[in-house]
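Once you scroll down, you'll see the structures, which are given as structure tokens.
One chain, chain A, appears in both complexes that follow, with chain B as partner in the first and chain C in the second.
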Partner chain A sequence: MGRSYPRIVGANREPSWIFFEALLPLLGIAAYVFVYQAFGSRAIDAIMTSTASAPWGICGDHACLNAAEQAAERARALANTNALIASVVLGGTMVAFWLNVLWSMASQLYWEKEIGNLQLYMMAPMNRMALLGGMAVGGMVMTSMRAVSTLVAGILVFGVIFQVVDPLMLLAVFFTALIALYGLGMMFASLYLLWGREAWNLSALMEEPIFFSSGFYFPVGGLFRVPGWGPIIAIIGSFVPATFGLDALRQLTLSSTAFGGQLWIFDVKTELYILVFMAVLFLILARYSLRYLETLAKREGKLTSRHQ
Partner chain B sequence: MNTFWRTFKVAAWLGWEMDSNWTEPWLFMVYSVVKPVAGAFILVLMYTVFAFIGNRQDPAAFSYMYVGNSFFIFVGSVLFGTFQVIQSDREWYQTIRYVYISPISYYVYIVGRAVSKVGVAAFAVAITLVFGIAFLGIQVHLTLEAIPLFVASMLLGLAVLLAIGICLGGISFLTAKHTHGLAEGIPGLFYVFCGVLFPLSILPSWGQAIGQAIPLTYWFDITRRLLAPTLGVDTTLAGYSDVTIMVLLVVSSVGFFGLSLLIFKTGEYFARKAGKIDMTTSY
Partner chain C sequence: MPYAVETRDLTRIFAGKKKRRIRRKRASSEGEDHLGPVTALDQVSIQIRDGELFGMLGPNGAGKTTLIKILATLLLPTSGQAFVAGHDVAKDPFPIRQRINMVSGGETSGYGLLTARENVWMFSQFYGVPSKVSKGRIDELMHTFGLWDKRDAKVRMLSTGQRQKMNMIRGFVTDPDILFLDEPTLGLDVNAARVIREYITNWVRSQEGKTVLLTTHYMAEADQMCDRIAIIDNGKILACDTPSNLKRMIRTETTFRLEVDTIRDTTSFTMMQGVKNFSHKNDIGTNRSHLTFILEDEGPVAEILSTITSQGSKVHSLQKSEPTLEDVFISMVGRGFD
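Up next, the complex of A and B:
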């Protein structure tokens, strides 16, 4: 409670964060939405443009045979574009939580060390896991603002259509994914007790490469369609809970038949079981690594060394 | 002038050391390349997925997007490299008061600190482009005659970016620790409105108007015209000749330089007046 408090109440004493941290970053997500709209628009132009060799336009890699095929192809292109834009919007909500895990969870202890608070934490008679838990809860509440803004913008501004058939399963997947993500963040946090600026740079390095390998802006099954390196990257990315979380959320909100059902990793139930396993595993690992690395940091005299 | 040059030189050296001395040089090289290349690969996969489910290839749109995104690395790095100086010195290292009271131009100091980021970004842009040409079939045809214009447009584009970064730095004198929001949000603004990944025609008319008012839109357009003249994607800026765009960039550079001085000095004045110049906002 004590550590959640400054996250929720303290931040609201500086309301400018809503603009800088919640609204401004929506622009980056909008760019990816427009990329799919641009692709979709060019595809529909190709379908609807009549030429001498293709009087009913181009359907995929061949000329449409008749008006009916042309209309069906157009409808398919529109549905695919909507599903891809919805994938970006869902990815955008998860980006908010991932960035919060990286910068306000994992690297928080490093930040506390830099500004001289860490020794006070260490002296206080409290459980370290409770401290990290408090940070996680406060972070989730704060980040929800950005996540909700992204969803609302997706629905109202970009006209994304979600079809939620099983809301309970959706909530179960979402919250399990969050617990697993923040568990991973708690595990990383312990590393930051020991490291200096390399930890900050590690967090920076876990932005775009993770957005890519976990499929934040495209269905991660797309990686399995790239021969050679694609599946390897997807498997590495699967160690981040957001990968399975997003895949399951997309199936639950776009229907498992979206994209012809060809771009999902597993079915939703299997992905939920994996997420539960990850949540438990990361929380246990966080507890042990925190204890071990705190001792190591004390032994090496790095617990309070600033600006290393 | 001698003081400016000395400040610039020392600040550039300091910026480079701060950016790179946390690890071995080879690891720093890898780190500097992995982030932007992964960013480019997000777009590669977006295209791959679209092409796969639609059974439709569109290499021109892909090249358009890839080249634009490669040069966008400059935007993120230069802007972040500039406006984060104040916040990192103020909130992280808490050295701003010592640097600020030293007999130097703080404006020149910030520009100097950003220079190392420009160098690293140039390296990342080159690697991304070479990778795209070698392995992804990106259509790039830079002719020898186009090189002087390309170099001039690059210098002008970077000057505009530095000036915009200083404007943001001036604002960040007065704001709390919002480095990440700014780092994501401001480049996001240019990502959406400057025709980086898609032609302006995709945007609604008010979005196109915003895009056409931002000089970086023209910088991306001329860069793409010189590097990939055969793409055949309608950018909606075909009515502007190369010379017109260069003139626009010169005027924008001068205009943004003046604006950056104004915003920087105003932010500095109000920060001093409100006692915020060395504040820490550790939430």
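Up next, the complex of A and C:
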């Protein structure tokens, strides 16, 4: 609780976060939304434009047979466009968590060392995992406020409609994904301290490529349909819990039949099991890496001290 | 007899940096080799009794902070043993951590966005102090240390001295049995340092079973506060006794202090017959040198004065004085702290 406090209370004493962390992310989301809206408009134009060879417009790769097929195809295109935009808003919301894990959770011990807190933490009679756990809980709560702001703004600005049929499962997936995600961050925290400033490059490296490979702005299952490199990228991205988390959350909020049910990796239950496994695995690895770090710090005498 | 702190032949060697880059190898070949192992503590054996205010006096780099870090379970000894509250620091650190706290001078801990009160409270939570108890103690300590007016100020708005007072409060708020204070008055103004010294002394004297290990390179601070003092240099304990006994050790010798115009060549003093030890400090502001001589008797004084005047320097004052802890240090090490 003590370690969560500065994140929850302290961070919110800077009102500038509303601009930088709730409104600015909307710009990133807006870029994808406009692109998808443009694609949707083009598809609908193609469906609704009659030519001599296709009097009922184009339905996919063939001319629509009649008005009924044309109307169905238009409805499908509209639904897919809404589902894509909703995917982007949801992904944009999760970006807040991923960035928090990378730049705050993973680099936290390094920063604590730099400001002189780390050796006081190491000296305190408390479980080391409680220290990281406090940081993680503080980060989750703080980031949730930002994420909700982004989500609400996204819904209001872009008129996205979510259909939640199983709220309990939604909560289970969301919190398991967060635990797995912050477990990964807790594991990184010790490693970042070992690697020092060089680890920042790793954070930078894991930003945009992970946004892509984990499908923050599109259903990641689509990558599996790209021949050649697509599945490889998707498999690499799957090591980040956000990939399965987002996939399951999208299924739960857009219905598993969205995109014709073609763009999901696994069903929700399977993805939840994978997330539970990841959460346990990352927490165990975090515990061991922190213990290794503490032993190394005591042996070498320089990891936890400032300026060393 | 139970000891609050006991070390037996405690040695700590830092491995130094690995020579990994060609540039470093070149620096090494140019005589800038700082890469080898460094012996920070060399077979240190001390015993600190329960309820004692024990001082560790030595210049920068003597090994004081290394010793405190080992005792605070932050560092492992290379060899030897250290016990705090009867527990081995290497094998059984957890019960030690429940009974200790540490405050370092010049520490910058805490979060700038939190208030002074919140920061101290946060650290108290790591020690399992109930929130209500913690808040009561914080208020009391804030009054004592003169920080009450700044209790709700964000830490980033506090001055260096105020931050140091906050750190001291952090050390006392967990009510430790053994408190390690590493240069606690470093960089503080006279009043702030006095408040802190008085509080530490009262804290030990007025309660049973409270022990303080204080490291400092301020001689007067150690002299004024400590029951016993260990003098440490280059990782070795040179002497360990009460301040008065330490000073008595060199009472047979004579201490002379001179203030003269800045002199450059002091090599001849160390070779003079009858000069047991000598140290000097140059004051750039006043363009004067302060010389301290430990003499076997008063015989060499005339020769010293003659040497000074032969360099064209003028003697502004000459004083024969009672030995101080600094004189004890000079007598043992052959140089002052600076």
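In this text, the second predicted complex is superposed on the first by the 285 of 308 C-alpha atoms of A that agree within 3 Å, B and C clash if a C-alpha of one lies under 4 Å from a C-alpha of the other, contacts with A are read in each partner's own complex, and residues count from 1 in each chain.
Convention: a residue touches a chain if its C-beta (ideal position, glycine included) is under 8 Å from a C-beta of that chain, and two chains touch if they have at least 3 such contacts.
Keep in mind it's a predicted model, so treat the numbers as computed, not measured.
Asks: Tell me which of chain B and chain C touches more residues of chain A.
Replies: B
Asks: Which partner does A:Glu207 contact after superposing on A: first (chain B), second (chain C), both, neither?
Replies: Touch status of A:Glu207: first partner only.
Asks: In the superposed arrangement, does A:Pro6 touch chain B (first), chain C (second), both or neither?
Replies: In the superposition, A:Pro6 touches chain B and chain C alike.
Asks: Examine A:Ile155 and indicate which partner it touches, taking first as chain B and second as chain C; both and neither are also allowed.
Replies: neither
Asks: Between chain B (first) and chain C (second), which does A:Ala46 come into contact with in this model arrangement: first, second, both, or neither?
Replies: first
Asks: According to the stated criteria, A:Gly301 is in contact with first (chain B), second (chain C), both, or neither; which is it?
Replies: In the superposition, A:Gly301 touches chain C alone.
Asks: Going by the contact rule set out at the top, does A:Phe34 touch chain B (first), chain C (second), both, or neither?
Replies: Only chain B is touched by A:Phe34; chain C is not.
Asks: Determine, under the contact definition given at the top, whether A:Ile115 touches first (chain B), second (chain C), both, or neither.
Replies: Both partners, chain B and chain C.
Asks: Considering each complex separately, which residues of chain A are in contact with chain B in the first and with chain C in the second?
Replies: In the superposed arrangement, which is not itself an observed complex, chain A uses residues 6, 10-11, 13-14, 115, 117 for both chain B and chain C.
Asks: Which of the residues in chain B come into contact with chain A in the complex?
Replies: 22-23, 31, 34-36, 38-39, 41-43, 45-50, 52-58, 61, 65, 91-94, 175-176, 178, 180-182, 184-189, 191-192, 196-199, 202-203, 280-283
Asks: Applying the document's contact rule, which stretches of chain A touch chain B when the two form their complex?
Replies: So the residues of chain A touching chain B come out as 6-7, 10-11, 13-14, 16-17, 19-32, 34-43, 46, 58, 60-61, 76-77, 80, 84, 99, 103, 111, 114-115, 117, 196-198, 201, 204-205, 207-209, 211-213, 215-219, 222-223, 225-226, 259-260, 262-263, 307.
Asks: Give the list of chain A residues in touch with chain C in this complex.
Replies: It is residues 1-3, 5-6, 9-11, 13-14, 115-117, 119-126, 131, 297-301, 304-306 of chain A that touch chain C.
Asks: Applying the document's contact rule, which stretches of chain C touch chain A when the two form their complex?
Replies: 12, 14-15, 66, 69, 72-76, 94, 97-98, 100-102, 107-111, 113-114, 118, 121-128, 154
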